[in-house]
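Note that the chains take the letters A, B, C, D, E, F, G and H in the order they are written out, and that residue 1 is the start of every chain.
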Amino acid sequence: MEEYIPLLLTKYNYWVYITLMMIGLWAMIAKNNLVKKIVGMNIFQTAIILFYVSIGAKYGGTIPIIQHGPGHGHGAAQIKALAYINPLPHVLMLTAIVVSVATLGVALALVIKIHRRHRTLEEDEILEQLRES
Amino acid sequence: MIWQIDLAVLLLVVICAVGALAVKDLMGAAILFGAYSFLMCILWAVMGAVDVAFTEASVGAGVSTVFFVAAVFRTSRRTKD
Amino acid sequence: MKALALAIVVLVGGLLVSATVDFPDWADPNSPASRHVSPRYIEKTMEETSVPNIVTAVLADYRGYDTMFETAVVFTAGVACFLLLRRREPRPGPSRVYRHRATGVIVEMNRVPDKEPSPDVFKRIDDDWTPHDLIVMNVCRLLIPFIQLFALYVIAHGHHSPGGGFQGGVILGASVILMALSWDLRTAMLRMKETATGLMSAMGVFIYAGVGALALALGGNFLDYAALSPLLRVDPVAARSLGIFFVEVGVGLAVMATMVLIYKNLASEGRLDQGL
Amino acid sequence: MNLVVIIILGLGLVFFAGGAVGILRFPDFYSRLHPAGKMDTLGSFLMLGALALYHLHPFTLDNVLVAIKIMLIVVFYFLASPTATHAIVDAGIRAGQSAWQKPKQGAGS
Amino acid sequence: MSEQYPALIVITPLLAALLVSAAGWLRPRLCFPLALAGLGAAAAAATGLLVQVLATGPVTYRLGGWEPPWGIAYYVDNLNAVVAALVAWVALFNLVASYRAVMTDYPEKIGPYYTLYVLAVTGMLGMVVTGDAFNLYVLLEITSLTGYALIGLGGGRAPLASLNYLFLGTIGASFYLLGVGYLYIVTGSLNMADLAKLLTPLYGSLALLAAFAITLVGLWMKMAFFPLHAWLPNAYGFAPAPTASLLAPLMTKVMVYVMIRIMISVFTVEFVLQEVLVGQLVVWLAVAAMVAGALFALGQRDLKRMLAYIVVAEVGYMVGGAWLGNRLGMTGAVLHLINDAVMTFCVFLAAGCIYQKTRGTSFEDLRGLFKKMPWTMAALAAGAMAIIGVPPTGGFFSKWYLIRGGLEAGHWGFVGALLFSSLINVVLFFRVFEIAFFEPSGGDDSHGGHGGHEEHGGAVALAEAPLSMLLPLMAAALGLIALGLATGPLVQKLILPIIPAGLG
Amino acid sequence: MLHSITPLLAVLASLAAVPFIILLKGRPNAREAVTFIAAGIKLILVASLLPAVLAGGEVEFTLAKVLPGAPLALRVDAFGLLFALVSSSLWIVTSAYSIGYMRGLDEHSQTRYFCFFAVALSATIGVAFSANLFTMYLFYEMLSLATYPLVTHHQDAEARSSGRKYLFYIMGASIALALPAMIITYQQTGTLAFSPTGILAGKVSPVMAGVLLFMFVFGFAKAGIIPVHSWLPAAMVAPTPVSALLHAVAVVKVGVFSILRIITGIYGVDLLKGLDLGMAVAWVAAFTIIVASLIALSQDGLKRRLAFSTIGQLSYIVLGLALLSPKGMTGGALHIAMHAFGKITLFMCAGAIFVATGKKNISQMTGIGKRMPWTMAAFLVGSLSVIGLPPTGGFISKWYLALGCLQAGSVALLVVLLVSSLLNAAYFLPIVYRAYFKPPVEAAWAEGRNEGPAAAWVPPLVTAACSLVLFFYPQPFLRLAQMAVAQLFGG
Amino acid sequence: MDKIFLYASLILCLIMVLSLYRALFGPSVLDRLIGVNAIGSKTTVLLVLVGLLFHRVDMFVDIALAYALLNFVAVLAAARYFQKRGGLGR
Amino acid sequence: MQKPPTPQERYQAEAQVISGQIRPVKRFYAFLFVFPTLMALWVVLSGRFDAFHLILGVISCALVSFLSGDLLFPHAPHPRQTFRLWWRFPLYVPWLLYQIFLANLHLLYLTFHPRMLQLIDPHMVRFRSTLKSEMALLTFANSITLTPGTITVRVSPDGDFVVHAIDRFSGEALPGEMEKRVARTFGED
């Protein structure tokens, strides 16, 4: 038991991301309502973003925008890598957020299209309708 | 890195996520999902990911909530789970 | 289904949890992720691109190719929504349009009543139809120009502060959405026509890819902004900075137009007549 | 100077807390909007004002501009918050949200 | 210009997509020529790249001029080059074939349709040539998004199928992203070549294993590998015909390519063979995929859905071959990837032709087609032969290598399943042919349109698909035979050089 | 060893006719002229290879190197040429007959019929000329598929079920048994080329060799060994020319020829002898012979009786090969030719009767000799040939087979041969007797000769004549067979 | 001073929990909307506070401003929904 | 003082504004007023004074004021009125802030009062304001929302107000002093 405590304390971000991700995954699989599934999907994607951003975090680092440096390359004499948070995960996650909003748009469009035809958003009811026809 | 806020917000985020999925009303889910995005935005800011926070603020809090509302507006609010 | 879902969730969760044990501690400055590639970004960005915001520099230059496709993804989503939802056929069933004389509100009735409704019926219809909300309308009217300026500021200052094309574009799009929310969709559409949105979203991505292709045409690799320096008459470092700026503008344009396009189609179910 | 900032900050927090408690305690939707709409506005005004004040400390142009920016948020907030409140209450009325009536004499709640 | 091929291969279709989109708003008439030009240029560039790679060896292209671990780089070797050329050409042919179908079905949405079409191809081409793990994710998403939209466009159940695809596809892509994140957290790099170097000392780490597992599961979801295949039959079965004949041949194949790329270029075969102890299990899953795909296909009463289930089985072939753990299996997998793209294209395009004429692909709609559409049916037969594995079509040879791989690995289950699924394929296709051959065309029912079916002797009015569909179809059918005859050089020159030495 | 493109041209000659046939679908005369021309060219091409092969050489052509060790290659040796000669010469006759038959019955879809006929011929010659197992498999499958539309030509329910059975047996066996056997062979040896000494020797364990052999023998189901024979009677729903050429000559002979190739080219006589597998196959064949003959006795449908007869006769060939004695193998190879000429005559006669009278069953043919004397004469000659009585070619091959049995030292098999010949006589001669010596059942038949279209009854007479000629002049078939066997036994 | 800001932030988080209660359990959807709106206003302040804790407040102000803007848009959209569709059912 | 526009005219004017059909002359006026305002905002936001950013600022402000400037001034801006507003409005704000502060204290008291339910009495108040211009109405309405226990529920263009008040005390104070101050600010007294 003892050895798990530091594990818990040093990596809680990761635990939370896993929790969120599992919540999202569970919603995507088990929920019956299509919009709920989409909410779950977004939570799922956000969890991954959380994971990536957590990778980038750095104790003692400041945000990845270089201070006092409007001058073209001369102002900042010595930029220490340790002083700044790892910017790469942020870049990647910007892309991921964009992708998730794009997916959201398409998913909602599809939901509207489904509703137009079936007049319901409950998956089991839709399947029922399809089985009848 | 401000781990205290980080921890507190993480807790809120999980609660919010569960809430958004548990609510028996799609508008409620959309609204709570908006709250979830707010909190995520703080989380990114706390972890120093300002650009991600900015994006989340504009996308999650604003546009995707509006999209959700619009979609629910055009479909139905009813949900069984 | 629920049991299956639970099983899958537990399985995946277990896998992820077990793998986490091998991770470096959270926020450890000496983790591999912080030692291998990123230090170069942090240390060299300033001298190579003269952009203080490392994220912007990496986003639009070092990994600019990703970002180009990210923009293309947004564009895709816009086109996809249009493709899926847009309908040109009129609303089914007979309908009749009335104008409320007091406020000028237009009411569209799907089921045609037998006889002309009396003026106070109009009044009632007006009450629970699109509200002519003075407060919201005027506040939004006042806010929209400032929001737009702020959005442009965000796009323009992506080099020095957080922000950039994407965020600015979303805010710009939000300003148009706000317009559609506070008035109605049709009047907002008069200001920003559907064709214009469609063209702008394509143009935004085109600016991005075009800058890259221009670099290619000038003898550099694709997206190598330094190759633009002869054209812009500046040194390569400044050319990179400028290239990033152009690209951000493209991103902003595409994102703005796409957000508006998606909203319009979602909110009106593709008919572009009545929104939220 | 710092003390002033801390006091204003504390005051803002008090209002915020009041708003939150108000949202919890008030009996119906309409009355809940009162603390939500007003106290949050004032709370953020106070807190942001305090922070702007604090940020003025090394009195340079940059800092002043940043302080003005912070105050811009406040200005925006003063414009947007009542509008949002109004929109919500209007929505509530149109949606037919039932209101809490003060019980007649003797009936507790 | 030749050193710019890798960039051109992706940006020409991208720019073309944008122009098509603009034309869609202004001059819809121009959409198709623009798309054709863009994809034609991409196909030319892909071919040029293939020639170049064959002549000079692998090509690295630095986007933005940055060194690989820092910037994004393309790494193109034989495998990429050939898959890219395949994707570009198949897409081009299908584009030609789609002209009439789109004109009749979606006359108002030509612009967006072709925009998404070309973007989908862009994404696939990008996925194939990229050498950066994260870039692959972005491109994957672009392809998926276009895929969702193009599938959801179909009528009936298509939107629901597409939404399910979207959910599973998003889970898959996110898993892939997560796997890349795991790799990043333990190495700090995203470049595939760099990753391969950095991962070597980490073998045995649990995180690495998890990364591998998650990445693979994600990719399997996207390629509809057996237990995760649920989205595919509906999505491809209900998709509009031109979409189905674009995505069904290419999407799964590209994903298989990505899996092979991840297996041999990122994790290296040593890791896959020695550290991952579930290789046998995966092959058994592949066996299950083949058997299940074949059996499910038996239960279908619609040509496109049947073909979709066959795709599920085919994915089993390729994954199983790649996981057999020997050179022959891997060769078979890669060869089958190439062949399968063409043969799936052929059969789906034939189904598209049939749909174009009969407005349906259920078995009832197929009656009497051998008389009405002899050329289409001939091409369908050619595709069917390839899928069954009749020489000299390409399908035979890839099966040949796969079976040999299975024999060498001593995996009798795999061999048996391959043969079993071939037999079922015989049954499947001849059932279709029987209907089309024996049952007189329904002149009396509503959607035939071509009345007058004479039992004997008389000529039933020929109702062949338009030439713009028929020519690509014929090209595909002939391509199958050409691929079969070219198997020798294909294996010797293209595939064997890229099989890593570590494979037994 | 000669390299020449002639074998390829011989294979492609009929395939090249297909586009013309399709193009000329509107003009039947021109269409059938194309068929004839192609058949003639094909025969000439095949015959042109004869001198080289008779001189002891082999002609080779490699089309494409598709698999290492197993290119797509053609090679003409004595066995192959023998088979090719038989098929291509009979194609001409059958083409003529087809025209008579098809036009006589005014069949539908004649263009399709001639197309696939041509394709089937190509595949047959391809099998004959294959240089390795892979190429052979390719043409074998091509033949299976090309004959499917022919078998199901009538497009009715019966054709459908027969077609299903046909495919199930032929494709099923080849994919499930022959293909894996081939791949295992390749896996073990790295090559598939036929070699006179076999390629499997020393590469596989005895058990494996046995298993593989049976996979091959049953995998090439066209040979009709029981229990994979039942497609053959079913396939008799096809138009008679199809039955005639394909099910007396091309398809079934391709099956047997494939087994011949397996035994001689893949295993080699020495290996089979060493493992004592020859006898096992021989007994399977013997069993088939007896059983098929017994079944044939009980059939009333003429074509069905012929079909079961074919099953039995095919097993003669297999038996001869499996004896692994020079004489036996010569007999087996020779029987390919002899049986072909005999059986095609019989089938054509059956077809001619059907065209002229519409009768299918033997019991309805009582007294038909009055009506169709020439046809029945041809039938008699064919029967004699199949039974193996002089003065027909069938006698020669059976003679060699009998000698082979003795040479192999197996008197039991000789007995089987003789018994089966008796059975053959028992099911053929009554037909002839019935036709000539019983009063006609239908009044119209008594009026005299009326044999229907000449194109339907002349070809059987020609082939019957050939059968007779072959008794007196069995060259070049005998020569080819002997040469081939001599090569096998290191001569 | 940083300590003060930190505690202020934590208190804000606590207050957010209170608002979240309304958002989660608010009997009607509009109650949830109020709760979420309240969280939004706190978030704005929290963002600026975080900026001060990082000593880079100029970078965070933009986010806070954008955030306030878009929160407004979102709330307005939700309100619009209820204005048109009503609060109950459907 | 010209005649206030009827609601219908007002709506049509708004529709023109939003659809961008306003006359060019008006646009130009609007531009003149809007551009400096926006530029000032830009400078505050930007905080950079190098040429590059200033040029960008000019471009952005010109763009925004060209595209959306007419939104700020739907009716042709009247210079005198506008300038009056400029110096009157800042006077109004401190008073408003003070009121807000008081109101909040009152609410705070209510909130933490143990027997809160007996103190409050939510009800609707209706009254008609004398204010004319829309901006004045807007300011008044928002001020009501921000101050003592009242929320504007609905405003009609004619000045009909529906206000929700939390208790009797708050409700009775309307329209009261605030309306006068707003009127003075907008020059409508």
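Quick note on the criterion: contacts are C-beta pairs under 8 Å (C-beta built on N, C-alpha and C of every residue); 3 or more make two chains touch, one makes a residue touch a chain.
Everything numeric here is computed off the predicted structure, so don't read it as measured data.
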### Query
Can you name the chains that touch chain A as well as chain D?
C, G
### Query
Where are there more C-beta contacts: E-F or D-H?
D-H
### Farthest chain (mean CA position) relative to chain C
F
### Message
Measuring between Cα centroids, which chain is at the maximum distance from chain H?
### Response
F
### Message
I'd like to verify one number: the distance from the centre of chain B to the centre of chain D, where each centre is the average of its C-alpha atoms, in whole angstrom.
### Response
21
### Query
Taking each chain's centre as the mean position of its Cα atoms, how many Å separate chain A from chain C?
18
### Centre-to-centre distance between chain D and chain C (centres being mean Cα positions), rounded to whole Å
30
### Distance from chain E to chain B - Cα centre to Cα centre, in angstrom
37
### Task
Identify all positions of chain C at which a residue touches two or more other chains, and write them in rising order.
16, 20-21, 23, 27, 31, 33-34, 37-38, 41, 53, 55, 59, 63, 66, 70, 73, 76-77, 80-81, 84, 131, 133, 135-136, 139-140, 142-143, 146, 150, 154, 157, 160-163, 166-167, 170-171, 174, 177, 181, 262, 266, 269, 276
### Message
Which positions in chain A are in touch with at least two other chains?
### Response
12-13, 21, 25, 54-65, 67, 70, 88-92, 94-95, 98-99, 101-103, 105-106, 108-113
### Residue numbers of chain F (touch at least two other chains)
none
### Query
Every pair of chains that touch: which are they?
A-B, A-C, A-E, A-G, B-C, B-G, C-D, C-E, C-G, C-H, D-G, D-H, E-F
### Query
In the complex formed with chain E, which residues of chain C make contact?
15-16, 18-24, 31-38, 40-41, 61-66, 68-70, 72-73, 75-77, 79-84, 86, 88, 195, 198-199, 201-203, 205-206, 209-210, 212-213, 216, 220-227
### chain E - residues contacting chain F, complex
385, 388-392, 396-397, 400, 403-404, 407-408, 415, 419, 422-423, 426, 430, 434, 437-438, 456-458, 484-489, 492
### Query
Across the complex, what residues on chain B touch chain A?
1, 6-7, 10, 13-14, 17-18, 20-21, 26, 29-30, 33, 36-37, 40, 43-44, 47-52, 55-56, 59-60, 63-64, 67-68, 70-72, 74-76, 78-81
### Summary
The residues of chain A that touch chain E in their complex are 21, 25, 28, 34, 37, 41, 44-45, 48, 51-52, 55, 88-89, 92, 95-96, 99, 102-103, 106-107, 109-111, 113-114, 117-118, 126, 130
### Task
Enumerate the contact residues on chain C facing chain D in the complex.
128, 131, 133, 135-136, 139-140, 142-143, 146
